[in-house]
Amino acid sequence: MDVVVCVKRVPDASGMDALVIDASRKDIERRTLVAKINDWDEYALEAAAQLKEKAGVSLTAVTVGPDEWDDVLRRALAMGADRAIRVDEDMLAADCHAVSTVLAALVRTLPHDLVLFGAQSEDFGSGQLGVMVAEMLGIPHAALVVSLEVGEGSVRVDRELEAGALESYAIELPALLTIQTGVNRPRYISVGGIRRAMKKDLQIMSVSELGLTAEMLAPQAVLERLETPPRGKEAELISGPPEETAERLVGILRNAGIL
Amino acid sequence: MDSIYDSLVEIVGSEHVSTQPEELYIYSFDLGTTEPHRPDYAVAPRTTGEIQQIVRLANREKVPVVPLGGGLSLAGLAVPLKGGIALDLKRMDTIIEVNERARYAVVECGVSQGQLTSYLERRHPRLMHSEPGAPPQATIAGNVAIHGQGDLAQPYGFNSDMVNGLEVVLPTGEVCRFGSCSISPYWYTQHPLPDVGLFLGWAGTTGIITRVSIKLFPCKEILGAGQFVVEDEELIPELVHRITHTEMAHDLVAFSQAIPPFSSGLHHLTISLSADSEKELDFKMELIFDDTLGEYIRRGDGGFLGFTRGQQRPQVSKTSDWRKGGGFEYVGSIMPVETYPECYRRGREISERHDIPYTVLGRVIGMSHAMMFSWTYAFNRADPETVRQAREALHESDDLVLELGGTIWKPGVYGQKLVMERMDPNTLNLMKKVKQLLDPNGIMNPGNWEVGR
Amino acid sequence: MREILVVAEHRKQKVADISVQMLGKGRQLAGQAGADLVAVTIGTDVAGYARELSRYADRVLTAEVSGMQEPLAEPSQRVLSSIIRDRKPFLVLIGHSSFGMDLAPALAVELEVPLVTDCVDVSLEEDGLRAVRPVYNGKMNAVYSFALAQTVIVTGRVGEFPVGEGDRRGEFQEVSLPFGPLDYKRFEGYTEQEAAGVDITEANVLVSVGRGIKDRASIELAERLADALGGVVACSRPVVDYGWLPADRQVGLSGKTVKPKLYLALGISGAFQHVVGMRGANMIVAVNRDPGAPIFGIADYGIVDDILRVIPVLTEKVTGLRS
Amino acid sequence: MTLADYKYADMIHRCFRCGYCKFPVNWMDVNSCPAYARFRMETYSCGGRLWLTRAWLSDEIEWTEHLAQILYTCTACKNCEEKCPLSFNVDILNMIVAAKAEMVERGLVPSAVKEFLENIERHGNPYGTARARRGEWTEGSEIEQYQGQEFLYYVGCVGSYDTRAQETARTLGRVLTRSGVSFGVLGSEENCDGNEVNTLGEEALFEMLAEDNVRKFKELGVTRVVALSPHSYNAMKNEYPRFDGTFTSFHYTQLLRDLIIGEKLDVSGGFSASVTYHDPCFLGRWNGEYEAPRRVLRSIPGVELVEMEKNRAGALCCGGGGGNFYTDFLGGSESSPARTRVREASATGASVLAVACPNCMTMLEDAVKAEGLEDSLAVKDVAEIVAAACGTA
């Protein structure tokens, strides 16, 4: 069985209190941020790696981005991917439709029984890429998958709905799933593992090799600008060592009649 | 969900109950050759009340309960042979009282030998207890439950003879006290109330000891041991008889072992002495090493290897590494001292037959009233063949004990059967009745001492 | 007449709140654009939903599809693509729900129209529509425009749009479409979350822990605090993902919606998916190491600190006070 | 990896599980292995971990999150090594670290450990706070950037980011300045020392950090490093030489001792208190330095130094080693080692618990609060006591 996992590289904004919009007003200042693999994609990769451990699976990881994006593919290779392909195109300014056009074109050239995406990205969080690619490939999909079980020629999945409810499907392969967090526990990828993955095959392609033109990649939804959102009422901050903050909080709770 | 598990959590809190494979794995072993058997629950209670609730639950659910202290008794006595609850008592580790004048200590069942020794050294340096030759995490309560002996056995006998009182949770959940503590705040004597000694030597099959009062003895300023060595094992009973007559030694141990090779075949007598002054020490030394043993030295039958001050904590665990394999087990027996030569020769044969470096040891109990004689067999945990060899050697040693007219100390299942086969049928029948009365559902450490129902 | 189309979703025999909110936004924009507001309901026995929708919409399209008690994405896509091709609404509003996420991207590709998901605002400017959506976990907003698109699809975030008056009497129109069962994707049913021992929706005080709790063993710290406060422990998604608490303790979009008197958010960053389940609490107190955490934008009181330091001290103070 | 490929395959079965590893030097209880003391199940003793490791590597038991947690509760405090009577005791901790390394290789570490390691790899610190903010602790102080001064003052992750430990870091800076020591810091250029990474079994990441630090130190011409944290000191003194790190490392208490003896630091201002000193594992058992901090404390007029029953080689670990100051596997209970330790400190009657490690500082100060001892016991770093005595507090 051939499994393709699409992964994305995102800035890790967790270490900074605040983000800064850059001069273009369409992006954030990235210099002080480090990059990482998108959280959701790690779950998708783990799901694929687990399939590979169980059955004869050939696993390909793909991405589209500039050369520093190789590091997320190395990670995928360290996690068990047999090969990795990067489409060399900076698509930071592109919309989801354009990115899915590239990814769909790429996946079309690959044998694929099961295509996995993270359900959304940590940075933009649109949650639409995977389902768009499925539609472009003309294969069935399920978004927000929280469990999957691959059988003969089909996959049984649970989709997450609201309020803890689930929706179950049996889907014929080939199919595309977008993976929700919690579906598994992504393994740790050691630095040694990543070093060893440096020896594995990492293939680079261009959009023109995929037969795509700039016109085909023009955005449908145009990012006008980023804004700092108005924050609602801010919390009244209680500061000091725990001793003092706890004391004050207890006072507040008492005044509010909770204690 | 497992309702027994839920109830156990209710009793001791979730952190002290486990059904996870890791705990079940670890509690499936003792450290010897007994085949492991997994418990269904590992539980570590903190109070007598918790133990009562656990035992009542086990009774209702007919689940075995296997108490363990240090878990060092070997012979499978703390292996959950029929599953159930492995009850790790080491959290019950409070030293409740030391009575300096009446010389006793009341301890909870999880108090280790090392802990009491250290406590006495720091707080009551004029007192000591009879510490067995086990690693220091062995517990006081576990030791009396198997009739252990320690380094004051020569003057004062078995550790179980030093028990002044017990608190026990019966298999049906009631708490009982025995000795003066059953009627008084003092835990100073077992006697002279009617004898209800139903727990010592029963290896946890009749109840769970939760508190023990144990006798303490004078601890003198100077502790040390003299080494005397002879070539002829036939001399040992005579030497023991003569040394005990001096009433000077506080511990008397004869041993012989294959390692190191240069002393293989020799018999060492370790004669421990204590004194509050140099004068007292000189007197004792003179009495033993000159007046009593001098003639052997002069005849060339024995040699004095010197006197070492200070007491070395027993490090028997080193035996476990003789085969670079992390394991040993021994058969202990309570023998007449006169059987020492035969015990040594036959034991050495067994060891050599199984390719195990021999080690035998006899610790004198009382005024030469008996000795605890042990045959120790090291094995390599990673090599099943050596484990099998050791197990065979152990069984042969059990057979030997009975052949020589001795009794097996804390036998495993194999030895228990041998003992019960030979036991006076009326005695066995009484044991059966006692067991049935105390433990109607047979939940306490089943598989061990199965007297039948 | 120009139209705005709202795709209605129903759950448990009710029109979903989010669809009513989409109608609210649709009504406002329709008024501005002089357009009609059209709702569409797709499924089995949709007449009841249609009546409810008609209180908000000018027109309700009903598409009866057998075997579809709850909304399913692919059959809905078939119905909708046909309707949209036919009616060419300039805006299609869909709730950014699980259903919407499964449906909207495929629908947009099929129709070759732009899509912006998870919007918190949609407006009509001189040069066309604008959609605003949060990015970087709510730390930024992104504003989108749509060149010359004839139709734009927008999915909207729950709770961000007002509910309309509900005083209309829209007309009904049946849409009949040739439609067979899907052979390549078989719907097998729903699973509701099992009722659990502890019902966090009933509690007056919730001590809710997030990723900042770091370890399963530390959950007990929170439990002790909850005991002291007379409340129960709840959590955000990562805690369930890690398996540290059962799913029935999860607050948020995919978990429970709670309205306690006190919600103590400990080590919870305040992702929207969580906030949506707890913002109805009377008082919210947040403790988080990151002063920029969005949770401080919704909490009444905040403490910037490591929760593992604060919890034990707070527990002790509360216990002290109680005893 | 199978058991056969495990570095200690011919050794790990040699543990008899006699239990010596749980005791302190004076046998007073069985609670000197911090993990065993916390959980009181045999699995959590050093012997338990060794037996489980062997069972796992020989497929007798499967990996579980619980197994990983049992291994990662080990704080690498070396109490077991101190007590084990067998000849292979020098390797018993190595055996556990090697088992952790195998878990790292297989990716099977507890999620808190995963987070810890990923944060260090990405951000150079376990907290996941940006590298750019590593130097913020110096703000408002006169501490200079390192540019060829005699000493590089290496602060470490805890001193750089933890608000309480930052105070200690600044205080030590003032004391060094007062003594006329020429030193500088790396600020936001400083990287994690990797000591914890090493004990967590992430060997390649440790190599990466060590190589990075050695390269940087060489470029800057560093010859002498004074470390705030014994963890950094340990890594630099014992591990960095493998990476050609040829500079000399000191723990700051050693430097303060020399300054006091050499009369470059005047502590005659004194500090009136009964003080008990907690030995950090990475200074004490790991590096045998028990006396320097005591010498410093004793030289301060007014300090009455009282010992806890468990001291020096027998000291109970605060529970913060092996990444546990962050992962907190041992927290959440009155049996948590830090809480046990402050109760022991309190029992001496001392009013000050002196520490010489930022990890111990954070662990024990939190524990003092959890135990409600704030009114009777203050946790102070040795540097802070010295600062008070030389008037720079």
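Annotations for the structure displayed:
In this document, chain identifiers A, B, C and D correspond to the written order of the chains, with residue numbering beginning at 1 in each.
Convention: contacts are C-beta pairs under 8 Å (C-beta built on N, C-alpha and C of every residue); 3 or more make two chains touch, one makes a residue touch a chain.
Keep in mind that what you see is a predicted model, and the values were worked out from it rather than measured.
Identification of common neighbours of subunit B and subunit C yields D. Shared contact partners of subunit A and subunit D comprise C.
Among the remaining chains, the Cα-based centre furthest from that of subunit B is the centre of C.
Comparing each chain's Cα centroid with the centroid of every protein Cα atom identifies chain D as the most central. Interface comparison, B-D versus C-D: the higher number of contacting C-beta pairs is recorded for B-D.
Centroids of subunit B and subunit D (each the mean of its C-alpha atoms) stand 40 Å apart. Subunit A and subunit B have Cα centroids lying 62 Å from one another. With centres taken as mean Cα positions, subunit D sits 46 Å from subunit C. With centres set at the average Cα position, the gap from subunit A to subunit C is 20 Å.
Multi-chain contact residues, meaning those touching two or more other chains, occur in subunit B at positions 15. Contact of a single residue of subunit D with at least two other chains is seen at positions 65, 111, 127, 333, 366, 369. Among the residues of subunit C, those touching two or more other chains are numbered 220, 242-243, 309, 313, 316.
Per the touch definition, subunit C reaches subunit D in the complex via residues 214-218, 220-221, 242-243, 289, 308-309, 312-313, 316.
Within the complex formed with subunit D, the subunit B residues making contact are 15-16, 18, 20-23, 25-27, 29, 31, 42, 44, 70-72, 88, 90-91, 93, 112, 114-115, 117-119, 121-122, 135-137, 313, 315-318, 320-321, 324-328, 380-382. If you check the complex, the residues on subunit A that touch subunit D are 12, 14-16, 32-34, 36, 79, 185-193, 195, 241-243. If you check the complex, the residues on subunit C that touch subunit A are 11, 70, 73-74, 97-99, 101-102, 104-106, 108-110, 113-118, 130-147, 149, 152, 182-193, 204-205, 229, 237-238, 240-243, 247-248, 250, 253-257, 261-262, 283-286, 290-292, 295-305, 309-310, 313-314, 316-318, 321-322.
Within the complex formed with subunit C, the residues of subunit A that make contact are 13-14, 16-19, 21, 28, 95-97, 100, 119, 122-132, 134-136, 140-144, 156, 158-172, 175, 181-182, 185, 220-229, 231-239, 242-243, 245-247, 249-250, 252-254, 256, 258-259.
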